[in-house]
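Please read the structure below before turning to the comments.
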Amino acid sequence: MDVSIVLILLFAGALLSFLSGDKWASKTALLTSVVALGASWLVLCKHNAKEVVGVSYLWSQKPNIHVALSGDGLSLAMLMLTTALLPLIILSTFGRNIQNAKSFYSLIMFMGFAMAGTFLALDGFVYYIFWELALIPIYFIALLWGSGEHKDRQRAVVKFFIYTFAGSLFMLAAFAYLYTKAGSFMWTDLAKLDLSKTEQIWIFLAFFAAYAIKIPLIPFHTWQAAVYEKAPTAGTMLLSGIMLKMGLYSILRWQLPIAPLAAKSFMVIFIWFGLAGVLYGSVVALRQKNLKKLLAYSSLAHVGLIAAGAYTLNKDGLSGAVLQMISHGFAIVGLFLAADIIIDRLQTREISEMGGIRSQAPKFTSMFMIMVLASVALPTTFNFVGEFTVLYSLFFKKVWFAIIGGLTIILGAYYMLKMFQNVMLGETNKKPFRDVSWSEGLTFSIIIAVTFFFGLYPKPINDLIAPSIHQIMFLIHSGPRLL
Amino acid sequence: MSTVLIIFFILSAVTLATAFLTVFTKNPIHSAIYLVLCFFSVAGHYLLFNAQFLAVVHVIVYSGAIMILFLFTVMLMNLNKEDEVHKPRTTRLAAGIIFILTCLVLLAIFIQTKPIVGPYDDTGVDYQSIKVLGNVLLNEYMVPFEFASVLLLVGMIGAVLLSKREKTEKK
Amino acid sequence: MGNVLNQIGIENYIFLCVILFSIGVFGVLYRRNAIIVFMSIEIMLNAVNLLFVAFSTYHQDAQGQVFVFFSMAVAAAEVAVGLAILVSIFRNLNSIDIDNLKNLKG
Amino acid sequence: MDQTYILLLLLAPLAGFILNVFFGKKAGHNGAGYLATFAVFISFCVTLMYFLQINKTATPVQVNLFEWFSFGKVTVNMGILLDQLSLLWLMFVTGIGTLIHLYSVSYMHDDENRHKFFAYLNLFIFFMLLLVTGDNLLVMFIGWEGVGLCSYLLIGFWYKNQDYNDAAKKAFIMNRIGDLGFLIGMFIIAYLTKTLDYAQIPDAIKFKLSLLQEPQQMKFISALSIAALALFIGACGKSAQIPLYTWLPDAMAGPTPVSALIHAATMVTAGIFMVTRMHFLFDLAPNVQNVIAIVGAVTSIVAATIGLVQNDIKKVLAYSTVSQLGLMFLALGLGAYEVAVFHVITHAFFKACLFLGSGSVIHALHGEQDMRKMGALKKWMPITYITFLISSLAISGIPPFSGFFSKDEILMTAFHENKVLYVIGSVASIMTAFYMFRLLYLTFFKDFRGTEEQKHHLHESPALITFPLIVLAILAAIGGLISFPGASWLNQYLAPVLGAKEHGEHHLGTTEYALMAVAVIGGLIGIGIAYAKYLKKGEVPPADEEMTGLHKVLYHKYYIDEAYEFLFVKPINALSTFFRDTLETALSGFVYGFGKVTNAIGDQGRLLQNGSVGRYLFFFVMGMVAIVSYLFYNKIV
């Protein structure tokens, strides 16, 4: 039993959901995703019992490609994030009227498969395939099940597709170059390469093009708000909860170990990229009129901080970035679920048309409030642990970084509370508002439980990722490039 | 100046002149006739090389088959008139320039590469009699030879299909 | 009979063929009548064939001539198909002026 | 064993919170309230037990619950420390907390969301306990942010009113500005000392200093000073000091028990607690201490002047709180931590009593808070009146009430350290006496100025409300005894935490007695002016639009809110609008630009593809020539 079983299960889930027909697709998808979660949990247990769970098969001799799946803590943590969020995302769609459900759920499962593959792949070629594969389902999900005028939607989604795809091509070029150098796509070989500084800079920039667009960092974020708004909420959750973590994860896994010299010499610039995102996202979020767009910009601010943490190249920055990735994944899914519930009930996305929900839906209000608090990183929430560690790593580099990054706790509180006030509080809304259904409540409860559990006891995750972080740190900082 | 050289020059002059006239003559029928002459002079060149079989085949295929086809077509279309409009002056000028350019480039390459030529072998071995050619064609070039026949078959079918009037379009 | 090239020289053939080829090129560019363009193409083909034969003699090798046979076969097929196309074009447009053929406009 | 008790101490309010959230609605009319009160009372009992124990043994109790997380070289434990300082705080947090819970049962009895109210109150108590008992800065930070959250929830308790929600949001954000300072301070300390435990930081600092040479020592200390300053910014946010004080008066939007508990007695003193906790750090940074003293003094005088003219009964008390907090910071800045702590305690008594009294008044008047519409309430509400009078005397510094002792100690310390600060503090005290009695006279004396309808319903509040008032009034009256000049129990009690005092206790000499006399006279002068103005002449403050000159400026709080709005909120919103409308479009346009350029190239390229076979042939030949020339380029030239 190794990690490949999870991938197989996810892929089988996609097939089964498609085959089971519109009526049963959602249940099949939920069931298979839960089974996949269970499988990844088992794999994780095996890993913790010091068994090797990674695999490597030779795919092709020439070119030299392996189907290599990593079984280290970092990948498993991201795998767990993916497989844990998938059932939640599927659960959140229950009770919604979805056309052509079998394709919808099948695409969601397929997306999960591709994203899990991205997190697991250790061979650059396979990694790239998964990376691009993840783009296809979300393209259709956003295009076919999205909202708004078809033309606007198409414009936004096609832009997103081409934009991210164009960025990825740079990465492909980088991999091609690396292959000519190393004669292999394996991560272990690529990280061992002794590249000159100029080469590293170009490779770093090529990777950066792909990741900065995917994450997104400003000023490469222009696809984000529009797609988040147009896509169906399940798609937005997939995008914000997992897919953008692909970029962040890849920074840790691929970009930094392969081009450490470049990372070191331009560290400050890239930290500024992240911090600029923090400020920019927060400031823009302040006056957003559209609820989903506001959350999109808040996400922009948070991932900016994560990226800044990753680029500090110290242990806290890297592990804080991972913690923050996971916590942000849960929190943002919760927030988008809340947004979806409101939009579903009130049939509007404009914040100005909302308000006065609290007196109608007390349970929903409490859950939404907790998600907001998690998003502003209140201590005892998981997000706090991540944000604190990242900010400390920034502080370690320069006090100003921490202060500017720390502005997120002020601005974040400002825009989130402002949003909460305008959306939830005030005189009772004239439209009736149904409180959370059992599936929504369950989704919220799970997210809240995870948020508080790891907020108080992040040790399991820390222990899980510590060896990987250590390895990456070693690759970045050790002088002679040896593994 | 040997006889052969003289013959070569005469043949060359004829070849080039008729080729030029083919291009320049306004009346397509005349062009076709000049082209036939051109082909005959090329056949003369082949004879000069003592490649009689090739020369014969050349005459049969080109002057016989191809040119007859051309003439038929011309007549079929009733182009027996000097009614072709010239291309614009600039285009013709450009065509001239490109003609010269092509000549110059190709010749320049040849001259500048300074090929080491000769001494010309005269092994005395028979290499171009029908017998030898037959051997080579049907041994070494067996497969291409068969393909050539397929090609011709396809060409034939294609020509028939293309020139057939479509019946469905009337409906 | 000795090698005829001893008396003529391969260079002269190269010059001849280059010029002949260029005349073909010129014809293709110069004329609007598709049939004449076709004829120019034949001229070019012949120029190449001639050079093949010349080098065949130069090397005292039959392979060059074999190639000429093949190219003749190709030329024959090409002319057959090409002229058939021209005929059908003529049927449709009542003209074979290549400047009138603008259906490829993007 | 300790672990069990401490868990009981901490988790009782948390359990109260959870039970009230889930079952509060079903727990009968007052069930939620009594449950919450009981939960806090359990904590109080545990506290009392430990308090008695430490009085005997003088050894602090430390319990490590579990490892939380680690960063850098620091591992943070969920550790609980019960020493003299935290137990003292716990005593009045849980004690006053219990009383105020009890009070709230009656005060909130007809609010439809009272179970939520009690849940939030319990949550607040929980976080406050965590703040006080944590054995390291990060656990304190949990409580620190948690009480901020509860403050937010309770200020905006009547969430249907967006003004209240604005006030709640403002409080939270102002606090968060301070929290950033707190974070930075923690980072610096963690970076320099590799620990965040209070117990280990002083040793780590000492150890580091012993390793360093003279110039590096200075550097190290200046870095620590920055940490101290950053922490102080955090304290400013939480304890409403200039420039972050403006949220506290607005926070009066919450229900009155909340104002009493959170915005007067407990949460706002967290800043003082933190500075006292980290006293060793501040002792190393005299510059920062000066800053604290100056900020405290300025805050006390500014808030007092604003308090002079406010007409909202709770606003007056709020500014009075800010002013008193300023005095406490003045003491902290002068290094007199135990004096500040003393004032915190007495202040908690009398200010809670005052707020609850005002709540009683507001309750009787059905929500009326404007003093211009009160008056003569003495007649109907004798118990409220008497307790209010006692507390007012206490806050005005009239002996033998508690405020006299604590305030006098602060002023005495200031006199010894810095005469200017002394004068400022004294003036602020005189003003305090004035506005408190202005409040008292306007509310309880002369004629009733409200409507007949209100007059008809006037009544003394029920026992659940008056009982806490009486208890607090007694405490306000006698609380000063815990640090009687010359024989201070408090100073001895705190000595293990705060260390031996180098300036020692004030030796009671002539100067000291003179100072006391001055302070008392000052208080009496303030009361006298108020008496002359509002009781003798019977003045009533003018309506809002009739105010002129300085009065208007003061009434509008020096236009500080407007200035902040203009300086920070407006620009940042303008920037946001600019980003949203202009920069986003521009960036988006830039990206679309790539598409547009490609399209344009395609459009131009399409023209090349004009369909003319002749043209194609030209290009074809030219291409061929070009390729051949390129291939043989070096041969040709």
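By written order: A, B, C and D. Residues from 1 in each chain.
To be clear about the criterion, a residue touches a chain if its C-beta (ideal position, glycine included) is under 8 Å from a C-beta of that chain, and two chains touch if they have at least 3 such contacts.
These are the chains along with the protein names UniProt gives them: A = NADH-quinone oxidoreductase subunit M; B = NADH-quinone oxidoreductase subunit J; C = NADH-quinone oxidoreductase subunit K; D = NADH-quinone oxidoreductase subunit L.
Nothing here was measured: the structure is a model prediction, and the numbers come from that model.
Participant: Can you check which chain pair, B-C or B-D, has more C-beta pairs in contact?
Facilitator: B-C
Participant: Roughly how far is chain B from chain C, going centre to centre by Cα mean, in whole Å?
Facilitator: Chain B and chain C have C-alpha centres separated by 5 Å.
Participant: Express in whole angstrom the distance between the two chain centres, defined as the mean CA positions of chain B and chain D.
Facilitator: Roughly 101 Å separates the two chain centres.
Participant: Between chain A and chain C, what distance separates the C-alpha centroids? Give it in angstrom.
Facilitator: Using C-alpha averages as centres, the distance is 64 Å.
Participant: Distance between chain A and chain D based on Cα centroids, please, to the nearest Å.
Facilitator: 36
Participant: Send over the residues of chain D in touch with two or more other chains.
Facilitator: Each of 614, 618, 621 in chain D touches at least two other chains.
Participant: On chain B, where are the residues touching two or more other chains?
Facilitator: Where chain B meets two or more other chains at a single residue, that happens at 87, 91, 94-95, 98, 102, 106.
Participant: Among the residues of chain C, which are close enough to touch at least two other chains?
Facilitator: In chain C, the residues touching two or more other chains are 25, 29, 32, 99.
Participant: Could you run through all the chain pairs that touch each other?
Facilitator: All touching pairs, sorted by chain label, are A-D, B-C, B-D, C-D.
Participant: Would you pull the chain D residues touching chain B in the complex into a rising list?
Facilitator: Residues 614, 618, 621-622, 625, 628-629, 632, 635-636.
Participant: What residues of chain D sit close enough to touch chain C in their complex?
Facilitator: Within the complex, chain D touches chain C at residues 605-606, 609-614, 616-618, 621.
Participant: Could you please specify the touching residues of chain B with respect to chain C in the complex?
Facilitator: 2, 4-5, 8, 12, 15-16, 19-20, 22-23, 28, 31-32, 35, 38-39, 42, 45-46, 48-51, 54, 57-58, 61-62, 65-66, 69-70, 73-74, 76-77, 79, 84-87, 91-92, 94-96, 98-99, 102-103, 106-107, 110, 117-118, 120-123, 125, 127-128, 132-133, 136-137, 140-141, 144-145, 148, 151-152, 154-156, 158-163, 165
Participant: So in the complex, the part of chain C that touches chain D is made up of which residues?
Facilitator: 25, 28-29, 32, 37, 98-99, 101-106
Participant: List the residues on chain A that touch chain D in their complex, please.
Facilitator: Chain A residues touching chain D: 159, 162-163, 218-219, 221-223, 225, 280, 283-288, 315-316, 320, 356, 358-359, 366, 373, 378-380, 385, 388-389, 391-393, 395-396, 399, 402-403, 406-407, 409-410, 413-414, 417-418, 421, 424-428, 456-459, 462.
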